[in-house]
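Just so it is clear, A, B, C, D, E and F label the chains in written order, and each chain counts residues from 1 on its own.
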């Protein structure tokens, strides 16, 4: 089985971090392919950045080796439903996966994320995913996404402190990490907090293995059916869905 | 006051229809500028089409004459929050506007839209906009968007029949038209149904005049603040938000 | 176009304030008629006061010049649905209008209102209007309605402080003023807070212009149809809806 | 203990029906006082009628013998919160009582009411009372309120048929009767349907006995505190809440 | 009328407290029978304890004298729906009863309960009972259930302090006591807090009298019908529902 | 890794079916242990049966070989939270797992289950799991659980017909099978319906592998912590949680 994790931002070092986290948990027989978007923002920190990330996401789904499952490795899950239209292979968003995983091991969790403005995006996802009963609060740390990677930054300590506040004030029993760039913090935090700390990259990879293992494919009835063939114009003319797409993807067996 | 209506699909004839509907209701002193996206789908009928429409939407906001308000003239309101980040001028989606307008004149309304798969998108918007108490049902007619414009098609009769079913079965007291391409059907339907029939293009134009008239601008605190400056790479390198954006838009007075 | 703003309390000075706020934003060609209820409470600060305000509201709709739209200028929106039965001309509540306006320019807002007991009424309206996703909190300042008008009171400072707390603690991006008597504070607060501050009187006037401009009338199907003709007894015998009402209002063109 | 049931419409025969239903279930030691509003509509069938019924309701609470509990005997529960401000004695609405009773004996119930336009009012109450999980559907029979009492009408058969449809289609396990005028149908329907059929008049009377028996009074903290003393003007000048009210009601022991 | 209150924990002293509270409010003619579960936990403080309490609950319903109504006297309302299947006599949970009672006398209440882990259980009940609009917050005091009874403990003071915080911070207008063991604290707290303080044991007893007085029985249609006859194996073989059950309970008149 | 699937009903043939379905999808290295409850109902078809199944469930968790994950193989997910208290190993309910799996591959699904009375239980789970946006409808086929297994029964055809109605009427894009006994129907239905058909046994097994693979354990903070040590009396004295439990389970490594 091949899982392609797509980093919708263009920062290679984050892709490396994502790939490492995925490989650490992948089952024997699962090939992890972590790719970096070739166009878009260096980090995704708002609605605009998210919207601008979808071209790059589509490129990575359509180009290169096909996969049995895809992961959108950004906590805003940008373009998730568009991606699900493109392929029968299941597609996972890391926010969705992390929240689902949390509900299996706790009745209440807090999300700890980066910027205030991304906190609001996470709150929208909580609502869309039906997680209002389980998510006790979404907390922002005001740490920019790219700060997470800098060893000299205080990011770790800041995030740990916010998690501690979450457990005490929100009365949560688990933490969901609100950014792909936090993937390498899970163990550090879990050792200190003594509660489940869920990273969405890891959750998405394991759920991808699970859903493929169930023999399930994205439903092609209703709104996740392949995009209808039609004309596309201008600089996006090459993105037209047409008969080639339906056949193309179906025929692109994993090699 | 200038209102720029952006047709996120690339079909000029629909833009003409949208512009006509807007001009028919615009107040004296309101200049209507209706523009067609230069890249993307000929019609927007799913999540993928919507995602692919945002580049063209952004281009029309950033290029050409600046406006006091912008309207995203597609019933999926694609890219609405991304657009709101880009400018202080208020931005309106036609689905949002139509639903709001309906709640002022009825306690319950039904949405009548085109394809089944777009019906589901409309249902998501109902939830996002807090319209669950007011929207009694979203109905699909399975009429493709571009069929609406063909005089030889049976679209009018099909839509009328669905509206009649909506009033009888859903017990609604108003109809919201679920596609920009239905803008010219409002009077036809209202005459026959004898209830308010709301077209989102008209609603968005009048709400744009209203909100600008209130002296309100999009809040630049929180998640609708200008996109943070950062590097963009690849074919979208030109879409980087940078200091030029914040100043640029602020400085682009309506001429 | 004529818009009649009805102050459901009997305090003329508040009507003057309301009228001034309305005229400051009215479009050319919009005539503002601000009237004071002739019976009921000097200020509306609870369920009882609200219930007792509806007779006066009805009198102002039925008497004097007819209008193209009516505004109930009290943040509890008392009698809104009853008023909508009485006429085909659209009727707006200032709480409803303010909240709708806020959602066009922000993803989250806080309401700042007067007494604690009115805070609870505002919370009910948030729920009725489907604003739970957008309204982050309703805050009371414990300033009585009639204190707002007294120059010597500390009302301005108190309200400003509460707004500042709202932005910091609720993480809101806009403020909705929770009382008609705050109409003249909007600019003062907006200058200091640097976020949209929405007054419902102004919002209602502009939305009235918008909805009339859309050519919409209150639906007369279902629960907003004209009241059924029937006998009324006792001191309210004169309030019987009868055939005269349906014809009467329809025939009362704006002169 | 004395319970005063107030018929907010002015039709004495309905009051008689209400009083009979109440007396049939009252405990020994409970005195039932059924009074007819002296002003307002002959039947309440919409928002306007409801709003116009509150003056008469207030008159019956404030005049005549004081009671240990009050019942608003109209399925719209008009003026319930205003009434609760006026007195420390508990006040019950028959819709609220009926729905609560139903949830004790079934996991799902349907409401069967009179006119379509009152159906929508009942739906609002379902939402306000938190009954969305329990109320499977609100059904209208299009039988006017005053038809219920006419022996020659087909009302009984129509209502029975609607109840049968409710059980079959809604999968409900109990029926809530949606009008005070249906109070005498409960046994007739229960015998034929073999499920609990709940009349709100009966439910309100028994809950009144219960809550008084618990020693509870309406909370006078927050929004149900006595109305604040203030000036009232015009034809409602006599409805001013003043110090006389707080003392007056407190001092009005049941004699 | 006989009401059987079942203490699902095995602590006799708590049953005595429950019985005393019940007898203090029971109407003349109501016989209170308070019984202690013969198997299960000494105190119920979590999901496991609750699950283990249902055997004992069933034993007390099926054995000994039959009753006209049953009360599950534990704030988690464990086994409530299972109990409702077993009998046509109405069954009440004390959490459900307390919350319903609170909504009759206040628009908002806080629950004050014992352990943090039971707080989460109470929150689930708030959601199941549709009380989200009325319950402002559930607060835990970290007082173990059996501490409540020890005179030397500080439980009273701790609970009073939590109630005071609830009124100030949650802006509630009533308190719901979150444990059967708090039944004797109601008056103490009400005298000091001056708001309604509702104990579920008292509420359940009075609602039982009310519902029986309405002539209602648990619906035997749908999910509360008698359990279907079938084989039971192992140590629970004696718990098989069979024809004897349906007849047995129906035939067990109160003697 | 060892996964123990517990059939909470006492019918061995259903356990065999469950075990077969599990083994068909288990990963290499996953040992499937399917056990039959030794006490309780032959089939679980209501609240009472569910409540009576928990003793047997607990026995199977506590006795025999320990596992890395447990599955409660009944669509009511009975005792799920109690089971999660008992162990740090993750515990899965098949209804929860099936619904989660469905949301990864479709935006809307219908549940097709057995008896009407179990339909209502499934609806409660939909609400508890936050699935209201995704679950379009729960449908009952009135096929008793044990009929599913009888070759001569018409169960297959009945269920297929209900699924077809679900897709057409509910506009769903996936089917969730509402009973462990349907586990062997998934492929039959999927071949004919051409949409994802999700069996909860398969979903639970794969999610168990996933969550264990993520390195997550049930949170022991808050309401899923080990049951507090205390006295248990009567026939359930042996079910007392005590220090032996916390250590016992922790020490019971999978052998």
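Quick note on the criterion: contacts are C-beta pairs under 8 Å (C-beta built on N, C-alpha and C of every residue); 3 or more make two chains touch, one makes a residue touch a chain.
In UniProt terms, the chains line up like this: A, B, C, D, E, F = Hydantoin racemase.
Since this is a predicted model, take the numbers as computed values, not measurements.
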Set of chains whose contacts include both chain F (Hydantoin racemase) and chain C (Hydantoin racemase): A, B, D, E
Neighbouring chains shared between chain B (Hydantoin racemase) and chain D (Hydantoin racemase), ordered by label: C, F
Angle, in degrees to the nearest 5, of the Cα rotation that carries chain C (Hydantoin racemase) onto chain E (Hydantoin racemase): 120
Identity of the chain that, by mean CA position, is farthest from chain C (Hydantoin racemase): F
A-E against A-F, pair bridged by the larger set of C-beta contacts: A-F
Interface sides of chain E (Hydantoin racemase) and chain F (Hydantoin racemase): same vs different residues, half threshold: same
Approximate Å spacing (C-alpha centroids) for the pair chain D (Hydantoin racemase), chain F (Hydantoin racemase): 44
Length of the line joining the C-alpha centres of chain B (Hydantoin racemase) and chain E (Hydantoin racemase), rounded to whole Å: 53
For chain D (Hydantoin racemase) paired with chain E (Hydantoin racemase), centre-to-centre distance based on mean C-alpha positions, whole Å: 27
Set of chain C (Hydantoin racemase) residues in contact with two or more other chains: 81, 84, 107-108, 116, 120, 127-128, 133, 171, 222-224
Graph class of chain-chain contacts, one of line, ring, star, complete, other: other
Complete list of chain pairs which touch one another: A-B, A-C, A-E, A-F, B-C, B-D, B-F, C-D, C-E, D-E, D-F, E-F
Residues of chain C (Hydantoin racemase) that touch chain B (Hydantoin racemase) when the two form their complex: 25, 27-29, 81, 84, 90, 92, 96, 100-101, 103-108, 128-134, 167, 171-174, 194-196, 198, 202-203, 206-207, 209-211, 213-224
Of chain B (Hydantoin racemase), residues touching chain D (Hydantoin racemase) in the complex: 107-108, 133, 171
Chain A (Hydantoin racemase)-facing residues of chain B (Hydantoin racemase), complex: 10, 37-43, 45-52, 54-56, 58, 79, 81-82, 84-86, 116-118, 120-121, 124, 127-128, 222-225, 227-228, 230-237, 239-241
Residues of chain F (Hydantoin racemase) defined as touching chain D (Hydantoin racemase) within the complex: 116, 119-120, 127
